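Right, one structure below, let's go through it.
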Amino acid sequence: MRPSRAEAFSDGVMAIAITLLVLDLRVPRVEHGLGAALLAQWPSYATYVISFLTVGIIWLNHHMVFDRLRRVDRPLLLANLVLLLVVALVPFTTQLLAAYLVRPEQGVAGAIYGANMAAMGTVFGGMWWYALRRGGLLARPVTRAEARASIARFAVGNPLYALAIVLGFLDVRIGIVLYAAVAAYYAAFVRLPHVEPEPA
Amino acid sequence: MRPSRAEAFSDGVMAIAITLLVLDLRVPRVEHGLGAALLAQWPSYATYVISFLTVGIIWLNHHMVFDRLRRVDRPLLLANLVLLLVVALVPFTTQLLAAYLVRPEQGVAGAIYGANMAAMGTVFGGMWWYALRRGGLLARPVTRAEARASIARFAVGNPLYALAIVLGFLDVRIGIVLYAAVAAYYAAFVRLPHVEPEPA
Amino acid sequence: MRPSRAEAFSDGVMAIAITLLVLDLRVPRVEHGLGAALLAQWPSYATYVISFLTVGIIWLNHHMVFDRLRRVDRPLLLANLVLLLVVALVPFTTQLLAAYLVRPEQGVAGAIYGANMAAMGTVFGGMWWYALRRGGLLARPVTRAEARASIARFAVGNPLYALAIVLGFLDVRIGIVLYAAVAAYYAAFVRLPHVEPEPA
Amino acid sequence: MRPSRAEAFSDGVMAIAITLLVLDLRVPRVEHGLGAALLAQWPSYATYVISFLTVGIIWLNHHMVFDRLRRVDRPLLLANLVLLLVVALVPFTTQLLAAYLVRPEQGVAGAIYGANMAAMGTVFGGMWWYALRRGGLLARPVTRAEARASIARFAVGNPLYALAIVLGFLDVRIGIVLYAAVAAYYAAFVRLPHVEPEPA
């Protein structure tokens, strides 16, 4: 199968999952003090922004990977389906985190959110690792050094997610700062080995 | 009409239906015991995974079929619309199954879920059968033996779905194991006759 | 602007509107008698099917029109936006019709549903009429006779929608049979003048 | 990255956000007087139309900009992600405005809606400004006069949004008339410098 097909479907699922996040924002029904009622919902806004940017970065890196593929095989397609299954969970885990951010069970909610983030990172890194190992999928072979460096750059996120889960049991706000930091890291620093010149 | 048009629309509907499944997952509102409250929702997670993978496999096989088409005619487009109508029902039947998985009426819920799965398989198999029979739609004619083998591979799902419905009246959990097994079967084994070399 | 751009966006909106229809189907929460509770929701299933097929046919005819365009200008894009605004209302008017199908106010609900259908038909017919009249949009000029015939075929729906609204005040079930009939008519009979050979 | 990728994802998010607006329309549950109950919801219809057209115009102008790009760099992609984050908020701020349009807190609701509109305009204008300034992104360099004129045309919306927020504290209906007027202005008058002939 050509990568463009799987990409279009993945774009669709990621675009929908990212946009469904808005359904977690609820209009408060109050007679007076709308401003205060809206401000009290700050956990929903914070998690909306972090989840939106994280899924957006996943989309960005997903394209970087697929741009380097010449074709996709069935194991890669099934792994991609598992990635989408995990991405599509984000509106649920985001709503969970927002609902419990300032309540006693915040550590549990934070751990589940973190597990969702880590699962995205793990499946995604695994797909790239598989594409590197399996012959004939990449548009151009990459050197061993390039491969190792790119895997390392992807892998950085997972220990940080583990740390965020642990610290989240102390105070989940430390956790979400870390989630935001990982998104910023992936947004700013992750590069893949260059494979072919882009068409002009 | 070119197949690419119908494919893009079908991709859209399937991507949305698969992502709307997450709306069946509800955040429990409890003061204490969030972990237990989340675990108690295991029917929702099980049905989420099975439905997600089943629709994902339908999407995968849908592309395998459309990749082999040179053009689509009006009967095929209308059959495709019926397929999408049935696929778009999956979030509803999934929610129904999850809601009744551990309650007395589980057999009825399981039967309706199974009927939805079987309807997808039947309409989809019918589309492929029609494409094989009607001249001028396939990019390359397939041999009679290839056609028969591919029809047989598609048809395997339906008796299994019927069995899952019947066994589901005994215990719906046997049913959902079978639904998962059919999805795994389609994921791993269904191949279509090769029609033309893919562009590099 | 190239037609392909506007088409992709229109496909997206129509695919989402058609898939959101499933949110109108609610899982009944009963202890016993799930089968009966589900059957009692037949108005929701009937309106789901009719609305799904109607929007599907609109999508089909939308493509037939855009396939014949060489470029789109700003008035056509704005008219297309109004068409999408009306199509995106269908999940709302469908839910309204289903909710009141067997209740006293069924005539009002049916009239609003019919107005939504008629608005889709009117805006859509207007777009095709504009494309015929305005020079330089069509990939190939059509003859006056072809243009008149195609406009006539599109226009048939509107008096039928008006009739369905009026008869719906007697019994809304007569109305929905008519809505289904119009969808079937458009599905089976509407052809546009051939403009250019499709690429193989 | 090629602009087409980012465009497809942006189209998806904007198509979903625009279609989710329909979820703000609720079916009233009344025994008698359905017509009156529906008419009482006029704030929802008014805000639906204005938000739908505003996001539609944003989509239209988004394409005008991306049509003029040869490639996109990472800062532009991240800015585009922020634009989508703001666009995806529109169903929430629209529902907020509709809920409070005829209630005491209308000024606050109107201000938040206006801030959402202004944020879309600001991020979008910033993207165009960045594309003009940074070398190598545009398909053809534009003259300094063209650049200045196009920036000015984009910038007109923001003081109008600020005015709408202020006047909305007197009467939010003045505000929404202004929001509609800005959408109409962008729909009718905004042109970008011509960069290259469109393919026929």
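We call the chains A, B, C and D, going by the order they appear; numbering starts again at 1 in every chain.
As a working rule, contacts are C-beta pairs under 8 Å (C-beta built on N, C-alpha and C of every residue); 3 or more make two chains touch, one makes a residue touch a chain.
A quick note: this is a predicted structure, and the numbers were derived from the prediction, not measured.
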item: Superposing rotation of chain A relative to chain B, computed on C-alpha atoms, to nearest 5°; value: 90
item: Chain whose Cα centroid lies at the greatest distance from that of chain D; value: B
item: Same or different contact residues where chain D meets its copy chain A, judged by the half mark; value: different
item: Rounded Å distance between chain C and chain D, as computed from the means of their C-alpha atoms; value: 26
item: Mean-CA-position distance for chain D and chain B (Å); value: 37
item: Multi-chain contact sites of chain B, meaning residues that touch two or more partners; value: 8, 12, 16, 20, 23
item: Contact graph of the chains (line, ring, star, complete, other); value: ring
item: Chain B partner contacts - residues on chain C that touch it in the complex; value: 8, 11-12, 14-16, 18-23, 25, 27, 29-35, 38, 49, 52-53, 56-57, 59-60, 63-64, 67, 187, 198-200
item: Footprint of chain D on chain C - complex, ascending; value: 1-2, 5, 8-9, 12-13, 16-17, 20, 23, 70-71, 74, 77-78, 81, 84-85, 88-89, 91-92, 95-96, 99-100, 103-105, 108-109, 112
